[in-house]
Structures are given as structure tokens and as C-alpha cells.
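Quick one: the structure is below, and I'll ask about it shortly.
Chains here go by letter, A, B, C and D, matching the order in which they are written, and residues are numbered from 1 within each.
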Amino acid sequence: MLKIGIIGGTGYTGVELLRLLAAHPEAEVVAITSRSEEGIHVADMYPNLRDHYSNLTFTAPDTQKLAACDVVFFATPHGVAHSLAGELLEAGTKVIDLSADFRIKDIAEWEKWYGQPHGAPTLVKEAVYGLPEVNREQIKTARLIAVPGCYPTATQLGFLPLLEEGIADTSQLIADCKSGVSGAGRSAKIGSLFCESTENMMAYSVSGHRHLPEIKQGLELAAQQPINLTFVPHLTPMIRGIHATLYVKVKDHFTDLQKLFEQRFANEPFVDVLPAGSHPQTRSVKGANMCRIAVHRPQNSDLVVILSVIDNLVKGASGQAIQNMNILFGLDETLGLTHTALMP
Amino acid sequence: MLKIGIIGGTGYTGVELLRLLAAHPEAEVVAITSRSEEGIHVADMYPNLRDHYSNLTFTAPDTQKLAACDVVFFATPHGVAHSLAGELLEAGTKVIDLSADFRIKDIAEWEKWYGQPHGAPTLVKEAVYGLPEVNREQIKTARLIAVPGCYPTATQLGFLPLLEEGIADTSQLIADCKSGVSGAGRSAKIGSLFCESTENMMAYSVSGHRHLPEIKQGLELAAQQPINLTFVPHLTPMIRGIHATLYVKVKDHFTDLQKLFEQRFANEPFVDVLPAGSHPQTRSVKGANMCRIAVHRPQNSDLVVILSVIDNLVKGASGQAIQNMNILFGLDETLGLTHTALMP
Amino acid sequence: MLKIGIIGGTGYTGVELLRLLAAHPEAEVVAITSRSEEGIHVADMYPNLRDHYSNLTFTAPDTQKLAACDVVFFATPHGVAHSLAGELLEAGTKVIDLSADFRIKDIAEWEKWYGQPHGAPTLVKEAVYGLPEVNREQIKTARLIAVPGCYPTATQLGFLPLLEEGIADTSQLIADCKSGVSGAGRSAKIGSLFCESTENMMAYSVSGHRHLPEIKQGLELAAQQPINLTFVPHLTPMIRGIHATLYVKVKDHFTDLQKLFEQRFANEPFVDVLPAGSHPQTRSVKGANMCRIAVHRPQNSDLVVILSVIDNLVKGASGQAIQNMNILFGLDETLGLTHTALMP
Amino acid sequence: MLKIGIIGGTGYTGVELLRLLAAHPEAEVVAITSRSEEGIHVADMYPNLRDHYSNLTFTAPDTQKLAACDVVFFATPHGVAHSLAGELLEAGTKVIDLSADFRIKDIAEWEKWYGQPHGAPTLVKEAVYGLPEVNREQIKTARLIAVPGCYPTATQLGFLPLLEEGIADTSQLIADCKSGVSGAGRSAKIGSLFCESTENMMAYSVSGHRHLPEIKQGLELAAQQPINLTFVPHLTPMIRGIHATLYVKVKDHFTDLQKLFEQRFANEPFVDVLPAGSHPQTRSVKGANMCRIAVHRPQNSDLVVILSVIDNLVKGASGQAIQNMNILFGLDETLGLTHTALMP
């Protein structure tokens, strides 16, 4: 039974970790921290947890107690893991960071997009980017894992087969992505109010979103060459879900794209290539650790359209974090992650 | 491993049975019928099921095949179970009916509300009303179980402690109930369209709803006397959830109601009495087989307000059906039913 | 052309005043104040206003400029109008207050529910409660109008005919009310986030809500006797709308309630009694200054059920405020208020 | 006062025509037809219309009565206007068709996409495509107007300035469009149910949507050359609104795009170019006859991103139809169309 610590457990990725770990047969949450909610029972904030966490209370961070865990998840805003991860690693605790702190290898690039000095540049080199479909082997032996962002997960999984195969025209990739509102987190912002975001659709950060350099880094590694990417995120009036609509020109007209995608993900437990002609729905992965993908070539053009959906809080965050934990500790990769999506 | 058959599996209670049974360690769905969708793979209709039911296809009803199951669930419109249940029972198969066909003991009353002759009056007497919090012992030895309706489950669980204790003024009970749209099922009706039901709230069937006689029957059994009940259902713009707001005058001003409720449900795995002063949220049970209840006495009046929430598709239908199955077959009552609600 | 000032124009009742006044042929908004948004163009906050208010900017409150208006609307949190209304009235400006500051005649009661000393008790006596269906004559000659709250408007209009007629059993009135989320205003609160309030239904403030004393005061005036009222508000996942479901026992079994309601509101331009058997939908008044009411007597019982719906931001706030303005200045009461509700 | 007839008034574009015409000072609806709802009062179907149409009842189509109107709107499924429009035109009645029957000049193309023979090919040549921002002069003298579709309106207005200026790379235009559910109309389809479409996002018809040839025709006329267009529509969980996200490479790096767009639409009452850096929200046009556009050049790339939003039922259908009517009859183009969008 793994002993789990969670730092910053009051947000949506925190409660989602608790929901998923409640069903994990080899994990036990022994500590969850929050400075603002210290002393509050987790179920007072999230009553759905009453059934499984009768005795779990938010505490102030206690490094000694956390270091005694087998693994500590950071479900914190960016910057927080920088200062704490090192100490835990030295104590022999594995660290799985759901924030953006260790995702980008280029320190200057990180600092440009996140607007602050990087607090732990020496750890960045060691950190493994926790996309199992790409880095499964490295994850097995990692100490520090940077869990991919939600947009980056959906987008990279959709583009990967074409880039790895070398048939994508990398001079212009477009990712038109639609996200549910939970992607903005559980902070009291006007823009996330019900009355501001329901019955509404809008793009945001068109001039540049923080996930752009992360996606680009992953795609260039896959393509083994520089790429141009235009990434436009949109806010959609739903709680969960990311729908990535990806556009890319293919250089080879004759490749069987359906087969290419099916083969690429044939052994992946959490990537599901739908039959040709399908349109994946975000609700088909609501609450599930799954990415569903369909590939289209409208009017037999060379401009390929890939549709890729995930639940931003599961395969785009907490579920993927647990998938990494399973790999890291030699467990069955799917352990505790076989929830069926809620439909309707 | 129990062999399960499902009749009429295309509706929302059908897919919810499949979602829940996918996580049940002692159950295997071996047959699912639908005349309209014969030959269609279940996952073509509900892509969330791709991960667990790779080989399950809707078939036309085949009595012999169904009779070979340990238990058959009816997830059909009313009237269907009347004609098929008897044959299965004779073959030794247990029947758990999610429809209203065997809930009401008074045949004339059933015929009045459902507008058709009752097709199996002799089975009604034998049928056990599957509310485990009331009839657990009878369920254990039943052959035929009538799973309670969604409104009746939330309403009866909320009123029961006061009625059983004999302190309710039974001359006027009021149940003001709010339901999500999935209660109307998966049929193509104008009133259930997104554009007709979102951003809207309305009462319906104020002059009389089919769940009224079912609720009344249960409450009168608990109270051991006739009662007057006004039941007003409302349609609420959400998929799942019933919120019952119950009003009843108590005759004894000094009873500790909080304690009464806590004691009544102390040993119930699927009824959660919240701390005094709480307001249960329907989302706290979304996807979970749970009823959460709070009891209030505003301004210290004798008019008590009880708040009771369930997920209409789980504790109000398919989850409760599986809870009955567990009891019926001597399994742990909570087996396969410990999902944590999805929040957010 | 009336010169209009608005104090505190950044909230939902403020923008709704601007939306409605844009269509009013005899009104011109000359000043709108907000300390927090000083210098910001109103259309930068609410882009729907770009088409009608090309030159209107939030300013800091300037009493002299406001006093030069014919009428000033307060769309402020409670307490603000206390300190400013007096000065404007002395300058001869009419004041229409959308907050709760002057609604309750009993100063001690106000202070109990609002948790602060009343800042202008001498003005309370003079203030006219701006429910035109009750106080039209007094509104005509008022200087200071207290616009009713949203719940109080829907609830009072529904109960009035029975209370005025003297046939209601006043020992137990119940108002089970459901409100859209905009009733909580445009402030950045966790509970009003999209992810916290969509796909959810819950009661709140069951132990006592601030609108309770306001409703009670109005109902007792109508009944000319003390009443007992249980008021349970609920939060519903929609932007706009209040649905009041009212329960009251009638003492006279033979009154034609449909006729009673139709006659009571026969000359009211903004109260619509629906045909017998109707179920009013909140969306049928979305954006419109209208209250639609239906009266039911289920199973011919003496417990009457009244359904009353309004748009909380229009007939429950800004539209009713403008209706008061029209009466106050001798204009056609319906001027600028004849919008058709948006359906779908 | 114009006498108006509406054929097929039971759908969402029909009720929206009624809502908008209720506020039009020069229009009177004298006939509205529906075979299925003959004899039903319009307000029984749409209670929001109770306030303005106390005496309007659906009738069976009566050509003589319709021919006596000044103008007849077709709010019908495709194919219906083919058989009736000719007769009305001969009688001297103007026809404004909201369906797709006369939009596409190439008869074979129409027949390919709509899967049936064209019923009135001789009228197609005469029909004017009713996009006032392009064809205002021809509309003035037209007899028969084909009102553009919703996707085509948002998409063409967004692309036009670049195509007309000749600086777009026409070899690859991409329109990633998101629509509210009302675009699917008021028919009882499973896919349009609340429980199927809320909390969900999905693409559809990626292999080819009927609006593709209409958009292409308009863009090629503007560009004066062939173009390649990839058009991917998505279903979004909201009632109203289209958000078009358009991608196009520009050949000239130095054009001031913001200025280009502002100048192109400087005199257009219903196209609003937002300040540089803006992200238009669909709710900012909810209920309003307005298209709001923003133009972006992310990371100073040559791939331009244009954001264009409309209310599909207003500027995308019924509002634009009335705008055409105003032009056709020499009225002020904005008459009856100055509603402010509902926010929140």
C-alpha cells in the first residue's frame, strides 16, 4: 500500500486525485495540505468525499510528514513545487508535479511565459515529462515527474502519429482547442462565474497561451525538427472536457491514416482510436482516464483534421498523474483508473 | 459470477446499469435486448462503454437465453415487464424490474394512473418493493423485486423517520421535488430538447403525477395510517439529480430530529444524514448510489423542512436495482456501488 | 427626456438598467458611478452595450452631478443608499433604490437581518414600497421608492389575491422558491462559479433568508393580520428566473380561484394569469418585465398550489424600477418595458 | 404598415421572426401557417408571445391570403419554398426565404448536397443572396431574397476584408465553427436532447456539411478566384450563438489588418469590429442582430486568426431576414433591429 501525500489539495485537481485514489487498491492518502483550509475536513469542502475519507483533514505543509510518504503529488499553482520538490526528493520521496513547474526544459522560455524567475532550474533536467505514451520507459525510473498540461495532452496525442511518421508538413500546425470551465481552476474569478460563462463561447489568449511552448516542445521532439504551431484555446460552457481540433497538411497522399493511428496506439490502455468517420464527444470521457481520437481527411484533401478529446481533470491532470504513479511503482498501469465515463 | 440479462437496455437506466455493472466484481452481463437496436453494438450507442464492453450487442429478446441468466433487469417502459416476468420467474430466474409495473399493490389504482389494464395482477402480491432501508429482509428471499421510482426514493427516505416515530402530522405532507431532465428518459420529445429545457425551471403534472400513489402507499405503510400528500414535481436544467424539499408539521416540539434521523439511518450504507444546518447538493451524489439528507426546523417552528437528494439514475434507479441484486444473492450490499460522486 | 443617474452600475442590476433604458424613448443616462471601475467605458465591461452607449464611462460618485438628474437609481449593496439618498432628495432628485435599504419599515428588524445599524431611519417612513400592483397611487407622489426584492415580488404577487380576499389560512404559508444564479450578483464568490453551480440544485439559508421579513411584511399588510411563513430558497443552474411554488390552505372550498386571480390582475400590464392547468416556465419571462402566474388545486384539495415566475433581473429588479419611474413621472407605465422574452 | 405572412412558423426561426417583428413599428403579421399546428394559438406554443400576439393563430397555408401580404417569409425546411415561392412572386408578393432553397447558384451542386431535385431552378438566377454587407444594392430591387445560413454569415463576414483586398492565400482557408444547439432546429431528435448535448462538445459532419458550398460560393465571389476551404462545425452546449474561428495566411506582411477591417465595415450598422486584442463573446450578441469581429496575428505570424460571432437565430437567420425586408421596402435598415443583447 503506497503512502500518498498531496500538496495543495483544495483545487479541482486535488479533489479529483482524492476521488480517483479512493478507488485505487494500492494507495492510501495519509496527508493533504492547504494553508488556507488548515483544520478543515476534506468532506466539508467536497461532500462527495464523505463516503470514503471520513478522517482526512487539511493540514499545514509539514515537510517531515510529507517526506515519509512514498510519493507526493503537487496540485499547486506554478512556482510552489520549485521550492519544495528538492527537499522531498533528497529524502527519497518521489514527486509527481501536476503544475507547470518542471514541464519546459528551456529555463528562459519558462521564465518568459510564467513571468517569474525559475526556482529550481537544476531539477528541470532530471524531471521526466509524464506523457506515458511517449516516455513510459523514463517514467519507470524517474524521481520527479512533470505531468503534462491538459491542452498539451490532447494536442500531442492527436499530432504524434503524423509527426513521428514524418509525413506532416510542420510549417503550419493549427490546434483549435475548446476547454470546459474547470480548466480555470477553483478560484473566485469573475470570468469563471456561472453567469459569465454559461450560454457563451469565446476564444482567449489568442496572442499566446502558456501551454503553447509546452506543446511545441513535445511536438518538436516527436518531429525531430522545428515546427510552427498556431494554438487558439476557447472557453466552452461545460465543466469538464477538452476537444482539440487539429489541422495539418500531410506530405504523402497515400498513407492509410486510420491504420497509422490504430497501430501507433494499439498497446495504449488510455488512447482509443475511434472507427473511421467518428466524431468523439467530450462526454464519452467524462470522469474517465481516456483520450479518444478520430482522424479525418475531408473531401479527400491533404489537409487532415484530427479530433482528440479528454477529460481535462483526468487524462489531462489527476488521472494521468496516477497513471504515472502506477508506472513509477511497477503497478499495473491501469490500476484504479478503469472508471467508465458518466453518460448521460 | 452472476449472469445478468437486461431487457430494454437502450435508455438511460439501461446504460447506467452497464456503467455500474462494469465495476461489479461478481456480475457479468451476458444478454442485453432491444428490438429497435438489434445488432447494434452497445458502444456504438454509448461510446463510454467502449472500454468495458467490447463484445456486447443488442439482441432481440430471446426468452430461453434470458431464462438462463441468474437475474434479469427490466429497464423498460411500463407494461413490458407484465408480459415477460412470469415466464422468467417460472424458469427460476430472479427478476428486478426498474419500471412501475409491480410497485403499486392496488391494481385498480395502478390501472387508473397508468391508463391500461394490469397485465400480471397475480404477480403483484408476490413482488417485493425494493427499498432496502425498509424491506431488506423481504428482499433477501424475493423472486420479483419492484425497484422504487426516483421521486419515491428521495421522498420516502426523507419522511420515513418522522412517520415511523409517529410524530408527523399526517393530515398534510408536502413534497416539492426538483428533477434533472434525465428523469424523462432518452426519448425524442420536444420538451426534453436542450433548447426547451436549459435556462428554464417549471413545475409539471401539478394536478397529479404517477409517482403520487407510489409515494403515498409507502408513506402510509410507514405511518400505519392514511396520509394526505401534495406532490409537486419540477423540471430543472441539469442532467441528473433529484432534490426533494419536504414539509411536515411535527406534533411533538421536543424531539431531537437530528438524532432521530441519524439513528434511523445509522446502519444504512447508502443514506447519509448530514450535520445539522447542512444543505445537500445534488452534485454531491452525481453518479453515486447515495441519498444525502438534512433536517431543518426554520425559526424553531413546528413545520419541519427535510432536504433529500439522490442521483435519479443511481439510487433512484439502476444503483438501487444493483443494491437489491446484492442483497438478493447474499453479496456484500455495497459491492460495485462505492463510486465517489463526480465533483465538480 | 428624463435625465438618469445610476449609482453602482457594475453589477447585474446595473447593466440590466442600461439594457432596458437603451430602449426607453424618454430616458437618457447621463451619469453612472463606480469607484472600482472609474474611467472604464461601460461597454468594456459589458460589450452588449457597445451598440447603444458609445460614450458612457463609469465615474466616481459626484453628488452635484447626480443631484442634477431627474432621478437616481441605486444599484448598490445594502447600506450604500442610506448615506447618499438623503442628500439627493433634499436637492429635489427622485430616488429609486434597488437595494434592501428602505424596504423594511421596522428598523430593528432590518438591523437584525442585515447585521448593521440602519443609516437613515427617518427616511424609511417616507419610502414607498415600489410594488405597483399594490402601491400604484403612493408611487405617483413618492420621492423615495424602495424597489421590492426578487423573491418578494414573485411571492407576494402569487399570494396576494387569496390574502386580500381573506380566504387563506394564514397560520401556515409556504414559499418554496427557485432562483437562477444571477440573484447572487456579479461578485467573485466560489459558490457562484460555473463549476460549482451548474449541474446542481440545492436549498440555502433554510434557517432564515433576508427576504423573509420583507415578504412577511407585505403579506401581513395584504392579509391585515399576522401570518406564519416558511420560505425556502433554492439555487438553480440557470442565469435568470425565479420560480415560486406557493402552498396555502384555503378556508372556503367554493371560491373560483382562477376567476379570483384573473380579476385581481385584470388591469395589470405586467401580471399575466395563465389559463387553468398551466405551468409557467421561467424562460417565458426571460428578459421581460412580466410575472406569469398559475393557480392549481391538486386532487381538489383545500391546499392550493400557486406557481409564479419572473425574471429576477427585470420584474424582480431593474424592470420594476423603471416601471416605478414611469409611474412616478406620469409616463405610460409600460414605456420601454414591452420586450418580448427570448425563447428559446 | 407592411403586411407580413410567415410560412412554417413553428420552428425557432419562426418564433424569432415573431419576437423581432413584435418590436417593429412598420410591420404587422397577418398570417402564419403550419399544417401540423393548424388552429393552435401561437402563444400556446410560445408563451413569451402572449404579451404581443393575443390573436394570432396558426392556419393551413392559403395562397390567396398569403399573396395579399406585402412580403412572405419562408421559415421552412429546404424544398418547401421551391413549390410556393413562384406563385407568390407572380402575385406581386415579395418573398424572403430563410431556407437554403435559393442560396446556391449551381443547381447541380444544390442537388448534390440536399439530395433531391431542385424544384424551381428558373428562380435561382433571379434570387438575390441576402447578405446586405455585400449585396445591399441588389437587395433594394429584388423580388426574391435568399437569406444566408448561420455559419455562412459568420464565416463570410470574417473572411471578406482579406479576400476583397486580395491579400489572402486562398489555397487554404480554415473555418473552425462552433454553434449553439438551436441551429439544429426544434425537431425531436435524440441528438438535440438536453441530456445528449449539455456538458458535451463535439465536431460533426467533418466530411462535409451543407453550408460548405454556400460559404465557398460567397468567398470565391469576394476573392474573384477559386479557393480551398476546410470547414469543421462543432456542437456547443448553449442555445444561441455561432463562434467562427477563421485561419488564413496573408501574403502581405505589412497591411494594418485592424484598420482594414474597421474601414471595410465602417458604415455597416450590424457589423462591429472590436478593438485590437479583443475576444468576442457569443453572449455579447445574444438576441441582437449583430456580428462582432476581432482580428489577430498571433506571434506576429502570417497566419491570421479572425474571430467572428453572431446569434444564429438573429443575424444568422430571422434578424437578417428583417434587415433584408427593411432594405427591400426602403425603410431605415435598422428599424426594429436595435435590441441590446441580453447580458448576463
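Of note:
As a convention for this text, contacts are C-beta pairs under 8 Å (C-beta built on N, C-alpha and C of every residue); 3 or more make two chains touch, one makes a residue touch a chain.
In UniProt terms, the chains line up like this: A, B, C, D = N-acetyl-gamma-glutamyl-phosphate reductase.
Given the structure is predicted, the values throughout are model-derived calculations rather than measurements.
Averaging Cα atoms per chain gives one point for each, and the point farthest from that of subunit C is the centre of A.
Of the two chain pairs examined here, B-C and A-C, it is B-C that is joined by more C-beta pairs in contact.
Distance from the subunit C centre to the subunit D centre is 36 Å, each centre being the mean of its Cα atoms. The distance from the centre of subunit B to the centre of subunit C, with each centre set as the mean of the Cα atoms, comes to 39 Å. Subunit A and subunit C have Cα centroids lying 45 Å from one another. Across the assembly, subunit A contributes 12, 182, 186, 195-196, 198-199, 237, 239-240, 280-281, 283, 286, 344 as residues in contact with two or more other chains.
Of all the residues in subunit B, the ones that touch subunit C in their complex are 172, 174, 176, 178, 180, 195-196, 198-204, 206-208, 228, 230-232, 234, 236-241, 243, 245, 247, 249, 277, 279-283, 286, 296, 298-299, 301, 303, 305, 307, 309, 344. Considering their complex, residues 12, 15, 18-19, 22-23, 46-52, 182, 186, 199, 239-240, 272, 274, 280-281, 283-288, 290, 292, 338-344 of subunit A touch subunit B.
Listed in rising order, the residues of subunit D touching subunit B in the complex are 12, 181-182, 186, 188-190, 192-199, 237, 239.
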